[in-house]
Amino acid sequence: MGLLMKLGGIVTVLFGIVFTLAGAYGLAGGTGITFTINERVVSAQEGGIVFLIVGIIMLLGGIAMTYVARAARLMPERPERGEWAARWADLKYTLHLLRKNPLVMAGSMIAIFFVALSLLANLIVDPNLAVPTGYPEFEHSYPFQRKFMWPKHSVINWGPGVRLYEGPEQFYLGTDNWGRDLLKMIILAIPVDVENAVIVTVLAATFGTLIGALAGYVGGVVEEAVLRITDIFFAFPALVLALVFAAMFGRTLPTLRLALLLVWWPPYVRLMRGQILSEKQKGYVEALRGLGAGHLRILFRHIIPNSIYPILVQATLDFGGVILTFSALMFLGFSPSPSLPELGNLAASGYEHIFEAPWLIIFPGLTMLIIALAFNLVGDGLRDVLDPKLRR
Amino acid sequence: MQMEDLLVVKNLKTWFPIKSGIIQRTVGHVKAVDGISFTVHKGETFGLVGESGSGKTTAARSILRLIEPTEGEIYFDGINVSKAKGNKLRKLRRRMQIIFQDPYASLDPRQTVNSMLIEAMKIHGVTQSRSEAHERALELLNKVGLSEEHLYRFPHEFSGGQRQRIAVARVLAVNPDFLILDEPTSFLDVSVQASVLNLLKDLQKEFNLTYLFISHNLAVVHHMSNRVAVMYLGKFMEVAEKDIIYNSPKHPYTYHLMAAIPVPDPEFQKEEVLLTGDVPSPVDIPSGCRFHPRCPYSTDKCKRKEPSLTEKDGHWIACHHDIDFESGEIRA
Amino acid sequence: MLLSEQVREKNHVLEVKDLRVNFHTYRGEVKALNGVDLKLYKREILGLVGESGCGKSVTALTILGLLPENAYIIGGEILFKGEDVLKKSKENMRILRANELATVFQDPLTYLNPVLRIETQLIEVFMLNKKLLRQAAIAKKAHGKNVTFSDLLSWKKELASESSDSKVSKAEIKKMAKHLCVDILRLVKLPDPKRILRQYPFELSGGMRQRAMIAMALARRPSVFVADEITTAVDVTIQAQILHLMRELRDKIDASTIMITHDLSVAAEIADRIAVMYGGNIVEVGPTVEIFRNPLHPYTTMLMKAIPNVKKPVETLKSIPGTVPEMINPPSGCRFHPRCPFAMDKCRKKRPKLIEAVEKHEVACYLIGG
């Protein structure tokens, strides 16, 4: 608990420093940039004041937190160096094993590249470009306008890239039916896909794992109930469910994510339950019970950490799966907006022009393939590396 | 007996139901432990021998309620173990510990030795502060013959013998009074076994521990125990001081068991005393005396009536007849 | 008696000379066998005794040609009937395993095919040697009497003459095989062989499975029979039965047995000679009685003191200090020197060779010459 507070304090302080500096810059006049927040035009100066104030508060608050933690002795003595050193050595061994397989290394590199790309996409390409010129109704269709991390008019996006699309440029991958540069669209599409994959996979995995762990450990009626409910969800076809949701709640990304989520968590339940069942039989569980450990401790501190590896592997494999399924949904016409940069959507609109402009479907498709393959390789590598029989 | 009785077991039975059919009806029971009664005195080592299917492992776990017994009463230091619940049970668990057979499975592969020992202390609130716990962990490691450098290692970095020592250290961390040792050296090499057995004996003297020692290795049980019980198909056939059991047993099963022990002395003339048939399974227990199908001395009475465990001068035996094994003569 | 004559005349069936075997693992090269010298004489039971990691199983696997892929034979030879087995091709080794070298392993449950009945598996072994079956069938036709397996055992292997005029049908061969199955199960003292043949391995008890495996090994009429820890996983009464069976079979079959075990008491019961292994070497070998009466190598002596003996109880067992060596970085010179109370400088430098200290009793230790 104390450690958390200390960490939280440090993070807050860091953010505080950043905000303060940003605010100061804005206050000093900046570049005359204006923001649009909820249809109200705000000048840099006003924004700067806000940032400055927020920054100073965070600074002070963070420092206070660290002091409080120490004063209340919530902070434990420094964790013994030996313990962490041991765990770090263990991790290094895992990484070493990973390094031995060239395919896995390639996959990991590519996967990391794509994740980095998804975080930086906004910096490389102006999201405005997604809005096809001449189609003002698509003005707000790009989801990243709502994203808080690097909003369209964020401080970080200052620079020449913001105002663009003057004059002719090179189109490395061609343009699509709206005249947008395909390469740039693909780059913009990657964060959308990666975000989808992360959200669906992480939520499905977490939820499914917890339920599965409960079912597996408790057994009896609870297990049966959970299994039956999971079976029901297993029976849902993803596409039909997406159709129903789309009809009921409209075609937005969150709706589609929800639909996929509902269909994606059952395999984790089965997986985790199986793992728990086999771990339960192992000697150390009995030894811990003999020692007097309670069920919660055994489940959360021992069994789950030992069973988590197949879940990790499955999750990485599912990354690619979610992207592909999303693309399928887009292809079938579930996209929130036809101009949304999303790999499946791009491929879908490219499908119509497959004979005149095959690049429209080839390149987005290829990108999907590479992403899915990369994560698959990572998952395979993880599975090989984390197999306890091969490890020691 | 002047020594106090630390553990009293009365008519302990552990039956596992066999379910079959679509609606999972209980069609029968595996009577793993079918009524055993005994006492263990403070400070002694009570040996329990038997072959596979005898129920000794189940009995050990039933005493600690790792497997819930079906019937019977267990008293530890006067406290009723069978009825204890929640916190009371946890307090009892601290005093009654167990070392398992497989050193490769009984340690969580993701925990360091340090973490294991500290966790044990945390569960029972044995120490107050972290530094005190750390001190004690080092002390325990030294007691079992390991050193500080072993504290931050993972189980897979140790050999079988060392892992058993870690298990012993973990168990000692909570200051128990009573230790069940379930085949603690079966998976260990001979030389390692010797050192672990010596360690157990030393610890018993130092901490005044009481042991229940289970093994199928009769020579090891003989080395460690004061009194020995011979178990067959869930019941005791004979219980006595170890020298009587090994040298002048009265039950035919005990006799054959002892005769089957290989002796590390090629010149020792052993008579070929072989028991026919296989070790039976506790699903289908024979009528009358459960040993009668394999017993070369069985009579009609043995088939019909099950003998009860009766005592004579501290020697308990469950047999209808009094047999002289040298001559094969059945007296009484 | 016969054995001592053989030893004197150097009449051995199998000879292992300076065998060195390494394993490639992630952690490094495991130097499992470090120059093993072993002789196996006709019709003897040789007890190969050692603790885990000493290399006794690896020795057996090398003789059989069953080493895993990451094993490399660095040097040495294994002479079986004059030929170096290590130089044989995989196919030839397979033939050798089918006819001359038989093994029984520790855990019959995993070594028997769980989805086939005992009969199927046993017949398969017999059918490997159709020539023999044909001869047996011909003999049955000729003499009108059914051939027993014990008869087959006495037939010389070289009797491979095919009398082309006597023909026997496939059905008759199959029938002969079936009959031999029943007979061989009777030989290993399995009650009610016909019923057992129809059962699956999981329906048999541990002891019965072990006997079934022994039967499958015998069916090939081997010259060398390797038993790898066959009594380790069974109860003490079953172990006694199996040892008794081995003793009986020894007189009936014309084979030499290598009995691998970590239990010196088992070796004492059944072996004619004992070879003690440590750290990939044979450190002492000799007749059983001699070894127990007069153990020469410090390891052997300490090992004997570490075993609890029911007939001679002690208060404390003498344990051997230190641990079994890790074969990736084994100790230099004599592998035992870090744990040996008598270690001298030269023990660290060079490994002592096996020399005959007393008649028929060899030991590899500088304390006893060398």
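Chains: A, B and C, in written order; residue numbering restarts at 1 for each.
What we mean here is this: a residue touches a chain if its C-beta (ideal position, glycine included) is under 8 Å from a C-beta of that chain, and two chains touch if they have at least 3 such contacts.
None of these values were measured; they are calculated from a predicted model.
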*From chain A, how many touching-chain steps at minimum until you land on chain C?*
2
_Chain pair with the higher count of C-beta pairs in contact (B-C, A-B)_ = B-C
*Which one chain sits nearest the middle, judging by mean Cα positions?*
B
_Farthest chain from chain B, going by mean C-alpha coordinates, please._
A
_Whole-Å separation of chain centres (CA-atom averages), chain A against chain C_ = 59
*Taking each chain's centre as the mean of its CA atoms, how far is chain A from chain B in angstrom?*
53
*For chain B and chain C, let me know how many angstrom lie between their CA-based centres, rounded off.*
34
*asked:* Show the residues in chain C shared as contacts by 2 or more other chains, in ascending order.
replied: none
*Residues of chain B defined as touching chain A within the complex*: 64, 66, 90, 93-94, 97-98, 100, 102, 104-112, 114-115, 119-120, 123-124, 130-131, 134, 151-154, 156, 167, 170-171, 174
*Note which residues of chain C are touching chain B in the complex, please.*
51-52, 205-208, 235-241, 243-244, 262-266, 268-269, 288-289, 292-293, 302-304, 306-311, 313-314, 316-320, 323-324
_chain A - residues contacting chain B, complex_ = 76-77, 80, 82-83, 85-87, 90, 282-284, 286-294, 297, 301-302, 305-306, 388, 392
*Can you check the complex and tell me which residues of chain B touch chain C?*
51-52, 159-162, 189-195, 197-198, 201, 216, 218-220, 222-223, 246, 256-268, 270, 272, 274-275, 278-279
